[in-house]
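First subunit A sits with subunit B, and in the next complex the same chain sits with subunit C.
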Partner chain A sequence: MTAAPDITRPPRLRRFAADFVRSPIAVVGLVIFVTLCIMAALAPLISPQNPYDMMTLNLMDSRLRPGEVGSAGYVHLLGTDDQGRDIWSAIVYGLRISLGVGLGAGGIAAVIGTSVGIFAAFRGGMVETVLMRLVDFQLSFPAILVALIMLAVLGPGVDKVIFALVIAQWAYFARTARSAALVESRRDYIAGAHSLGLGQWRIIFGHLLPNSVPAVMVIAAIQVANAILLEATLSFLGMGLPVTEPSLGMVISNGFQHILSGRYWMTIYPGIALVLLVLSLNLIGDRLRELLDPRKVL
Partner chain B sequence: MTLFIFRRVLQGALVIFMMSLVVFVGIYQIGNPIDILINPEAPPRVRQEVIERLGLDQPLPTQYLRFVLGALQGDLGDSYVYNVPAFSLIAKALPATLELAFAGLLLAIVLGVPLGMWAGYRPEHWSSKAIMGVSILGFSLPTFWVGLMMIVIFSVELRWLPSGGRGETASLFGIHFSFLTWNGLTHLLLPALNLALFKLGLVIRLVRASMQEVLKQDFIRFARAKGLPQRVVVGVHAFRNILLPLTTILGLEFGSLVAFAVVTETIFAWPGMGTLIIKSISVLDRPVIVAYLMMTAFLFVIINLLVDIAYSLLDPRVRLGEEQG
Partner chain C sequence: MTALVELSGIGRRFTRKLDVAAKILNLLGGSYREQVVHAVDGVDLSISAGEVLALVGESGCGKSTLGRIVAGILPSSSGTMSFRGRDVAALAGTDRLAWVRSIQMVFQDPMTSLNPRKSVFEAISEAPVYHRIFSRAEAPAKVARLLSNVGLDPQFANRMPHELSGGQRQRVAIAQALAVKPEVLVCDEATSALDVSIQAQILNMFLELKEEFGLTYLFISHNLGAVRHVADRVVIMYLGQVVEVAPADDLFATPHHPYTRALLLEAPRLERRRRFEPIRGEIPSPLDPPSGCYFHPRCPMATDRCRTERPILRETGGDRVAACHYAEMVSPPDALAPSSEAPEPGHMKPGRAPLSAEAPRSE
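So, the complex of A and B:
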């Protein structure tokens, strides 16, 4: 276990990948997630229109049922909304924004939270107490409430939504990273590093951080899923992204007013895309937890 | 015990104070309520008068002091839109939200505890695996979308249940509740189920994990060795030991149900605090936003306090550890 990481890491990673694919359901999750990422990346190529270019919209095409042919001559696979926007195109472009915001916010929260957590564990004493009290204080409020407060204060905007999500999520990473780093810092190799006279930054970045990463990875997949859900919910409430950056949540919200008149396709299909995205991340996260659960490693 | 409670109350007061500072200073930064409140063509004299009456010309610390002094006397300012005390607006909407959250919590327990116990009792059985699959789905389904789908299925297609509103209410102790009338109950069912699904996965997983933990204990082996029937071992001995972790988590989760009711209330047009806050945010009704956030913070502190006290009563180690530390 405590051999030099340079020697053990490549086979460990390969073994890890082999372990991961042994769960068929996790592989399904991974395949769905990668497919959705590719769809989002190739959005302009695989959608018949740019749904937010007003020039391509034609009000004559509004509220078409799935499968009907619009005035531009192509089939609207999943129908159109009340402005004549192709739902399939709206989903593919919405995926881009949902994924971007989720990965961005989750990533930033992971970096900040992990840094705080490891720093707290390494320093100990008053610094640790104060930081962890702050974490506890924040975790006693649900993420949606924290994000709602932040957005009520900040107003709409992509940067503000990401900021609000980071504020709502960093504490989860801080708590996990701290407990992982605490366990590591009591191990012999850290004591050895100290007695060799290594500097504190070298110990933090060279030893504590890489060994705490597995624990953080487990919650990272799930927190990105939560960030995507949270953003969709906020956008649905009209508190999230501006109308010019429509995520899946906003596409669903646009269809909301039409469900009572029986035009379900405007909400069902974007919702299914959102469910697939979040579900695939949760399946991956669940498998990671099974493989990397810190309690099992001990 | 008294010392323990005293320290917790003090901590709670500190949290509320911090919250008031953050919220007040934060809300102060956004927009200019004057633009919304006054007709832009109003003469400057009238404008000035309104600004002075609301105290908006004062520096921030003075405004904050006025707010705190008012808040301590139960006055959180008047709503800019409705022109009535913000506190009374919130208080009027509170019972609807609490009713919804309680109904959601109840459904989550009634559905989640048996499913979780079974999944923990027979972890390898196919039905347990199915239950666990459903619980992952529960984490992944966006609550608001599930709510919309419920409306599509049960209100639009099947026409079994109404799609929104509170229906008829009956009054109990002077407060109106939906669950007291049949019509009200039909209105409550869909939103409550929607809110319950949000917590169902968590309850199932928690109960399953505790069940597996408890079944390994010596006293369960002992009860079995004594020849007690299986349903007594599981239903009484195991069940009682699941209650402790369940109480803690559900106490804390009740708060998040109240917060999450914002979403459910918006979908089902449920006239509670959530609908009120979303409306207030969109029109920048500062006093109501601040009052809502303060009330929610207060609610959370109270819930945390009650959970802490209940926990220390149920498990003396918590209290003793604290007093030694």
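So, the complex of A and C:
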């Protein structure tokens, strides 16, 4: 016998990263997203004011135009709102809340929904019927309505908003994951895995799940963006987060009252931040979908 | 020869269940009924250790379903199957696993029979490591050995399935099956999705592996050229039922069922030019099979008896069974064809006959 040839696993992560950056538009998305994440993480360092601390607000500074200097002696780059809150600071802190809620709710919904969907597809029969009718029932209501009802019952709070968003969104993941897993489970390699005597959990996690991920990935990117938008909408409507923890949606809502009196900055700038956040997530999601399909020629 | 796998009365129904709306309409006097297809219907069959048993029939005759039942992928809805004399329905735990592993399947489409996310190395080593047939540390050497068994360079271990050609994938799929040390290989149209030049290579590889690993084959095919090349015994299926079983050379020389004869006449051959003679009519719908003999609407020999009385499988001499009232009267496939100088296939040793139009030799 000759010595065994060198059989090593290819450095996947590195190859994956190299492939990812081959799409310029995805890189733009990633750069925007990472920048927004860093801004959110470093919020106390890069903002001149803590917008949650009422003591730092001065009503004398209210409705300053972008670039004006306030009573505290620093420039309000993006102006202030009607309570003298620095818009730039409010955006940075708002990003924190929006990102946290969006990623948290999207992530939890993805895990729950995907598990339910793949389990339903694998087991079939009664289990599948019951779970999927539940999904149909849920999807027959608009997500915003479900979230509103949940919040009306639960009351305000970050954890409750995340909970409400998960309830509103898991069904999308379940439906997508199930159909992807159904397609995969009809393929011969799953029959082969049964024939090889692999256990059901090994088949679910080793074979069905990895091959169903690309479809879930697309939904995940859209749903995280949707969760951020939903949360913004809820805040805009005055439901959800308490006034002391303003997210982007609430900042936009505050400024909205003034948009017709020419004080555009209170709404436009936080709006741009929200658009950039959602857009960058979509760009990243699109590229991930392309890359996670192994049959795709890059 | 001892029977390794024994099927008795194996059937598989596929039912289209009524939905809630139909059930409610039925309560109101509607007449919706469940539609049942007998994909496989009362098949008795035994596979002996070391033989190559070919399963032949038109598409939709249930041969793939039967193959999947034998491989333990699909449960049968009736009948019993035994492996080494033990009823597989009664097996549990490690005994069951041993049976499942002992019968492996090679699928028709190599594009879907490998997990697109696993490298060749992972695909081949996953199951044996899982079953502790060999350890993770031994895996590279074992995988390299298996790859060379199926005629691939060990360097292929690093490849992903989408980087391989159809023939290479099929070889990997075979190596994957061999890795768990099976006794029976069910090859479901294992060569028909491949290039004709590759088909012959894979077929010959099956024969070599049979010697090396002491395998038994259930070889499912509609390609009579390939069957003639590899099979010891042939089973002909029609509409979910076995219509004839015979040693390969006997079957090709003197079919005992009109359907077998028609299949033989249909097979394209290089030796002579003749008019293409398709089997009359369509395959009947398995939802509504004909009365009597299922083949009678298409059979040139059909009589009134065939239309009313279903023939059972009966012995027709010399290790053969056929399900035809007039089995002894079926003429050889060459009787009607114009005579030719070319040697008849029946005169050749079946195991070594050159492949015809379907698979020219290419080694």
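Basically, the second predicted complex is superposed on the first by the 260 of 298 C-alpha atoms of A that agree within 3 Å, B and C clash if a C-alpha of one lies under 4 Å from a C-alpha of the other, contacts with A are read in each partner's own complex, and residues count from 1 in each chain.
Assume a residue touches a chain if its C-beta (ideal position, glycine included) is under 8 Å from a C-beta of that chain, and two chains touch if they have at least 3 such contacts.
Fair warning: this is a prediction, and the values are worked out from it, not measured in the lab.
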Touch check for A:211: first (subunit B), second (subunit C), both, or neither? second
Answer with first, second, both or neither: which of subunit B and subunit C does A:149 touch in the superposed model? first
With the two structures laid over each other on chain A, which partner does A:189 touch: subunit B (first), subunit C (second), both, or neither? second
Looking at the overlay, what does A:16 touch: subunit B (first), subunit C (second), both, or neither? neither
Thinking of the overlay built on chain A, is A:198 touched by subunit B (first), by subunit C (second), by both, or by neither? second
Could you figure out whether subunit B or subunit C reaches more residues of subunit A? B
Identify the overlap between the subunit B-contacting and the subunit C-contacting residues of subunit A. none
Contact residues on subunit B for subunit A in the complex? 15, 18, 22-23, 26-27, 29-31, 136-137, 139-145, 148-149, 151-152, 155-156, 163, 252, 255-256, 259-260, 262-263, 266-267, 277-278, 281-282, 289, 293, 296-297, 300, 304
Name, in rising order, each residue of subunit A that touches subunit B in their complex. 137, 140-142, 144-145, 148-149, 152-155, 225, 229, 232-233, 236-239, 249, 252, 256, 259-260, 262, 264, 267-268, 271, 274-275, 278-279, 282-283, 286
Complex contact set, residues of subunit A against subunit C: 1, 4-10, 187-189, 191-199, 202, 206-207, 210-211, 294-295
Could you please specify the touching residues of subunit C with respect to subunit A in the complex? 68, 71-73, 97, 100-101, 103-105, 107-109, 112-117, 119, 121, 126-127, 130-131, 140-141, 143-144, 154-155, 157-158, 160-162, 173, 176-177, 180
